[in-house]
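In the part that follows, the structures are each spelled out as structure tokens.
Shared between the two complexes below is chain A, which pairs with chain B and chain C, respectively.
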Partner chain A sequence: MSKFAPKPAEMAAQMNQDYLVEKVKAHESDWMETPPEFRPGNWCYAPAPEVVESLGLDNPRKWSPDEEDWKLPADYKARIHQGMKERLDKNRAFKLFMDVCVRCGACADKCHFFLGTGDPKNMPVMRAELMRSVYRNDFTMAGKILKDWVGARKLTPEVVKEWFMYFYQCTECRRCSVFCPYGIDTAEITLMARELLHLLGVNINWILKPASDCNRTGNHLGIEPHTFTQVVESLVDDIEDVTGVSVNPTFNRKGAEVLFITPSGDAFAEPGLYTMMGYMLLFEHVGLDYTFSTYASEGGNFGLFTGNEVMKKLNAKMYHEAQRLGVKWILGGECGHMWRVVHQYMDTMNGPADFLETPINPITGTVFDFAKSTKMVHIAEFTADLIRNNKLKLDPKRNDHRVLTFHDSCNTSRGMGMIEEPRYILHKVANKFYEMPEKTIREQTFCCGSGSGLNTEEYMDIRMRGAFPRASAVKHVAERNGVNLLTAICAIDRVTLTAAMRYWNPGVEVSGLHELVGNALIMEGEKERDIDLREDDLELEEEE
Partner chain B sequence: MSLEVNGVDIDLDEDGYLVDRNQWNEDIALALAKTEDVEMSEKHWEIVNFLRKYYEEYQIAPMVKILAKEVAKLNNIDKRESSKMLYNLFPSGPAKQACKIAGLPKPTGCV
Partner chain C sequence: MKKIITPFVLVVLLGLIAWFGTAGLGLYTLFGVVLPYGAFATFIVGFTFKILSWAKSPVPFRIPTTAGQAKSLTWIKPNELESPSGAPGVLARMFLEVFFFRSLLRNSRASMVKGPRLVYVSDKSLWLAGLVFHWSFLIIFLRHYRIFAEQVPFFVPLLEAVDGFFEIVWYNEIHAVTLPGLYLTDALILVALTFLFLRRVLDTKVRFISLLQDYFPLYLILGIVITGSLMRYNLKVDVIAAKNLVQSLVHFHPDTSIQVGSIFYVHLFFVSTLAFYFPFSKLMHAGGVFMSPTRNLANNSRAKRHINPWNPTIKIRTYAEYEEDYRDKMKAVGLPLEKE
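This part shows the complex of A and B:
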């Protein structure tokens, strides 16, 4: 259990109490006069100066959010004003979102952080108001004349601290946007706020370090090429132990038909690596001509959580590598935010990728027309197509020791609208699959509570509060249907939900989709399968 | 944060990991083990030494699965037993505790 979060029972009691406390507080002082309170578990560490420098960002220095003096640049007000002006001119969505909200309140109770903390500033409308108030003061006539009568206020160091607290207490999950009658996208506002805070050197290590590592080595974990190869080869040995089948991945192979890119967490973190084993079994099963790259060895893009420029640069490396290797198209693994970047930003940032071909599934002949611009296909789309064309031999009974439910990852469901493909696959590879309540899945899915680069240990208190709505829905199906496995198609989900399940629902494990595909695949020349990819026994234990 | 070892102040990060990996020596390892309530035995040292060797070669701490395989090999036991053994030796998790004692940095990203 983390030292940065109380025990679950204490947390639950606190959560009940906090609702009352926050209600009282809200009446005691106006929100503008209520400063943020930094306590262990509710803020993330600042990045080391050399990390900030390596990304070319401003004001590298040693500082900590729990200290009084944040060592802001002397001209901090001018920097924010200028930064806002530039973004308002360039980004029409930002300008619209600053002006258009009518405060109807539809978003208020849709945020997992509001539900888990009871803090009014976590209502999406209020989160945006933290910035709109400064926008009104600096950029609108009414604000300049009528000041706080129309909700305008000046930027102060306290406001900077408040922005830092609440724009890093948003996971850019966009659940609130589903309910907003104007379609205001809070994630875009948070993205802008984080960019503006960079101008002052106010940011967090857990986002900038992976972005910096990816810039240097090609992946968030900073895995060097020979290490990446060693890790994958080690998983190849494990596959042979379980199935008796030897798979033969290649690395940096020029002329392969497909470049396969997945989050580095799949190569390096449990339980993601079991999903990596599943991918390799699948590719062997259908004889796909593919290669890994030790340079484009990261599907994720912590640039999305940093700012547009970093996002663009990290996204470009995948396409450079595809061009260098001369592949036809890119197949992407189970990642969340990677797909948001590819689906919503890639085309105007770095596209179109006309040096690649419109993806065609070489096994079924299906043309993935929807990917004709980005040239990138999600593995769930690829596998669903294989199954639909009867190209996979599957034995779903091999997942009978699991009773599963599916967590829609925010970025694949709301960010790219991929909702049916994973479910179609799950129904074919497993027999016991139960959905969580309707308002917590599909496009209304609840965030894991730690997305957008907040999956760090020192943030555990807020993370477990943010995970509470998702965990409650899992608890519902665990109690009703005996669910013991939560499946998700995102590497961040796989690690953050593992922590959340241990905390709120002990006994429920977490897996990727292709781990279950790997279990079910009947491989040519395999030995008798009595264990799954985790090397757990396949048969359910007999109940006494 | 810092830690006094043999009269010298050693810099640690916010979570108590060694800032400068090159400062590491066995006395510092013992002091770090103490911060984690781990009493170092021969088996503990075997793992710490493997971690350091792996880091030298690969510039990152090995994932637990690879560590468990190595421990299985060293002790001539199967992978399940070795995983159990690792958690017995380092109760708060071998990745976190053993790496800290070996003076390796924490990983960041989707982990």
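This part shows the complex of A and C:
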């Protein structure tokens, strides 16, 4: 267990005592005078100056959030004012969301961080007010004249610290925006806040380091090309051990029909690598003509958590590489925020990709019309289409040693609208599938608590609190239905929920969707499958 | 307490100012003509300005909140309301959002019970109170066309008939014909406003987030409703005189000789204050709700390219640069190269 979080029993006892959701005291208006408190487990490390420099961001220096002096630039006020003005002029959502909130409170108890911490500043409306108060002071007539009477306040170093704390205590999951009568999306405000904080050099290592590494090596983990191929090859060996089938992935191969891009976590982190094995089995099963790229070896994009320019820079590699290799279209692996970027940003930022073709599934002939401009298809769409057209030989019994539930990832559900495809696949590859309570799934799904680049060790206290609403729903089906596997289509989920389940629901493991597909696939020439991709026994005792 | 009490005192003061300004000081032209004109002009100009200022900022990315299945494979049923693939779905989504507050309809209340465990129960009270308030406000406003328009428009008697449904039952025997019937909306708006106010004060979360300017319009609108009702049900004013004054204003020939009872001027002053205050406040959600990019855009960004007018030019790390840095390592594991 992490030294950055109390023991689960202690945390639970504390929550039982506090009844966190009800804890918010009516502090009147003194929230403005309550400074943020930095204690172990509730803040992320600052990046090294070289990392900040490598991304061309401002004010590289050595500093730490738990120190008094953050070494802000002398003109920090002017920078924020100017930065805010630019963004208000460039982004209607931001401007509108600064103005129209009526503080009805519908969002208040919808945030996983609020539910897990009870900290009133984690109510989405409050998170936004932290910024609106400065906006009113700087940009509205009422604020300029009536000051704190209308909830306006000046920017001070304390306010900067507060922004840092709470805009890095938001995972941009958009759950609040589902409930807001005006669709106010805190993710938009957090994105802007993080961009503004970059102007002062206030940011976190766990986001900037991967972004910088991704730019240099092609993936967040900083894996160089030779290592990337070696790791994938070792998974090929594992596949052979389990199934007796040898798969032959290629890398950087020109003339392949499809470029396959998945988050690098699928190649390097447990349990994501079992999902990677599932992909490769699937492609072998249907004979897909595909290639990996070591240059575009990252589906994820920590630029989304940094700012629109870094996001564009990292994302550009996908089209750049697709064009160089001369593929027809791009297939994307299981990842949450990757798909927010691919679905809602990529074509706008780096398109038009007119050198690619409208994606057609070469096995079924299905034209993926809905991706005719971006030319990128989600693997769940691809696989669902294959199953629907009876192109896969599946034995769902091979997942009978699992009782599973499905965690919708924030980004694919609320930033893309992918709800049914994974469920369709799950029903075909597994027999024991139970849904969590309806207010915790689909468009109302809860974040894993560590999204948007907050999945770092030193943040464990807040992460486990943020994961609590999800964990609580899993616990419900674990107790009622005996669920022991939480399946997700997000690489960050696979890592962070594993930690969260160990913490809150020991005994529940986490998997990707295609790991289960891989288990169920009846491969040509396979040996008798008595273990799954994790090399766990299938325990297929016949019960007759 | 300051943020709850202060705006209340402020609204009471405003009412007293209008009362004494007319009854005491005889400033009928100020409260009957000058201030309403000023407020109305501010409202029109301010509202327009605000809408234009929002419209001036582009929508760089297509960011609808998808709250349902997107249009993807043909055999998967898309949810056109929650994840619209085109204009019809967007229009339907916006219509339900604007007229029926659809997002609020799914509101729930979370509570932590021993375990710890989180429990969610559906909570439609805010939706209902919000809906009742806004619709009542609209209907009352439309009923005022009896006074705003020279010829009473067709919809006014219609609304009055429906809204005054309880008239006969309520008043017939006791007050005979002298008292007008109670309008349902007059009662409903009072109930809704009271609920919204109590919710702000009693729900600790909402109380925490509330600002002074969240209470002010509540009091002000309550003031408008109360003075309006008083005029109708108790302190009778000369309705003909009131209509003549309003008509003279509407036709831009203000008749400064008309004097109505002071309660009328209090009502009018409250309304003027609301109109004046509107464009500078959160009340602009009335215009903003139409412009929210998370609601009014189709979820079709993979099928149709969305243009960002300020799409920045970014220097990327090209494949050539990458190969340059890693050529030897790539060669060693047999990766194909552009340059040997």
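Quick notes
Just so we're on the same page, the second predicted complex is superposed on the first by the 526 of 544 C-alpha atoms of A that agree within 3 Å, B and C clash if a C-alpha of one lies under 4 Å from a C-alpha of the other, contacts with A are read in each partner's own complex, and residues count from 1 in each chain.
Methods note: a residue touches a chain if its C-beta (ideal position, glycine included) is under 8 Å from a C-beta of that chain, and two chains touch if they have at least 3 such contacts.
Computed from a prediction, not measured in an experiment: that's the story for all the values here.
Superposition of the two structures on chain A shows chain C fitting alongside chain B with no clash. By the touch criterion defined above, A:V495 lies against chain B but remains apart from chain C after alignment on the C-alpha atoms of chain A. Applying the stated contact rule after C-alpha superposition, one finds that A:Y45 touches chain B and leaves chain C untouched. Vertex at chain A: the C-alpha centres of chain B and chain C lie 150° apart in angle, rounded to steps of 10. Residue contacts after overlaying the shared chain place A:G218 against chain C, while chain B stays out of touching range. Within the superposed three-chain model, A:A269 lies in touch with chain B and out of touch with chain C [touch as defined at top]. After overlaying the two complexes on the shared chain, residue contacts for A:I419 are found with chain C alone; chain B is out of touch.
In the superposed model, C is the one of chain B and chain C that contacts more residues of chain A. Judged by the touch definition given at the top, the superposed model places A:H226 against both chain B and chain C. Looking at the shared chain after the overlay, A:N205 reaches chain B, while chain C stays out of its contact range. Of the two partner chains, neither chain B nor chain C is touched by A:E33.
The superposed arrangement places chain B and chain C with a least CA-CA distance of 9 Å. When the two complexes are laid over each other on chain A, chain A has residues 224, 226, 230 in contact with both chain B and chain C.
Listed in rising order, the residues of chain C touching chain A in the complex are 1-3, 6, 50, 53-63, 65-73, 75-79, 82-83, 85, 97, 101, 103-104, 106-118, 120, 126, 130, 203-214, 280-282, 284-285, 288-289, 291-295, 299-308, 310-312, 314-319, 322-323, 325-326, 329-330, 332-333, 335-336. For chain B in complex with chain A, the touching residues are 14-15, 58-60, 63-66, 69, 79-80, 107-111.
Only residues 12, 15-16, 19-22, 24-29, 31, 88-96, 99-106, 108-110, 115, 120, 123, 125-126, 129, 140-142, 149-151, 174, 177-185, 188, 215-216, 218, 224-226, 229-230, 251-254, 294-295, 308-309, 312-313, 316-317, 320-321, 324, 342-345, 347-349, 351-352, 366, 369-374, 376, 381, 384-385, 388, 413-421, 424, 437, 439-440, 442-444, 468-469, 472-473, 475-476 of chain A touch chain C when the two sit together in their complex. By the touch rule above, chain A contacts chain B in their complex via residues 45, 205-206, 209-210, 213, 219-224, 226-227, 230-231, 234, 238, 263-265, 268-270, 272-273, 300, 302, 455-458, 491-492, 494-495, 535.
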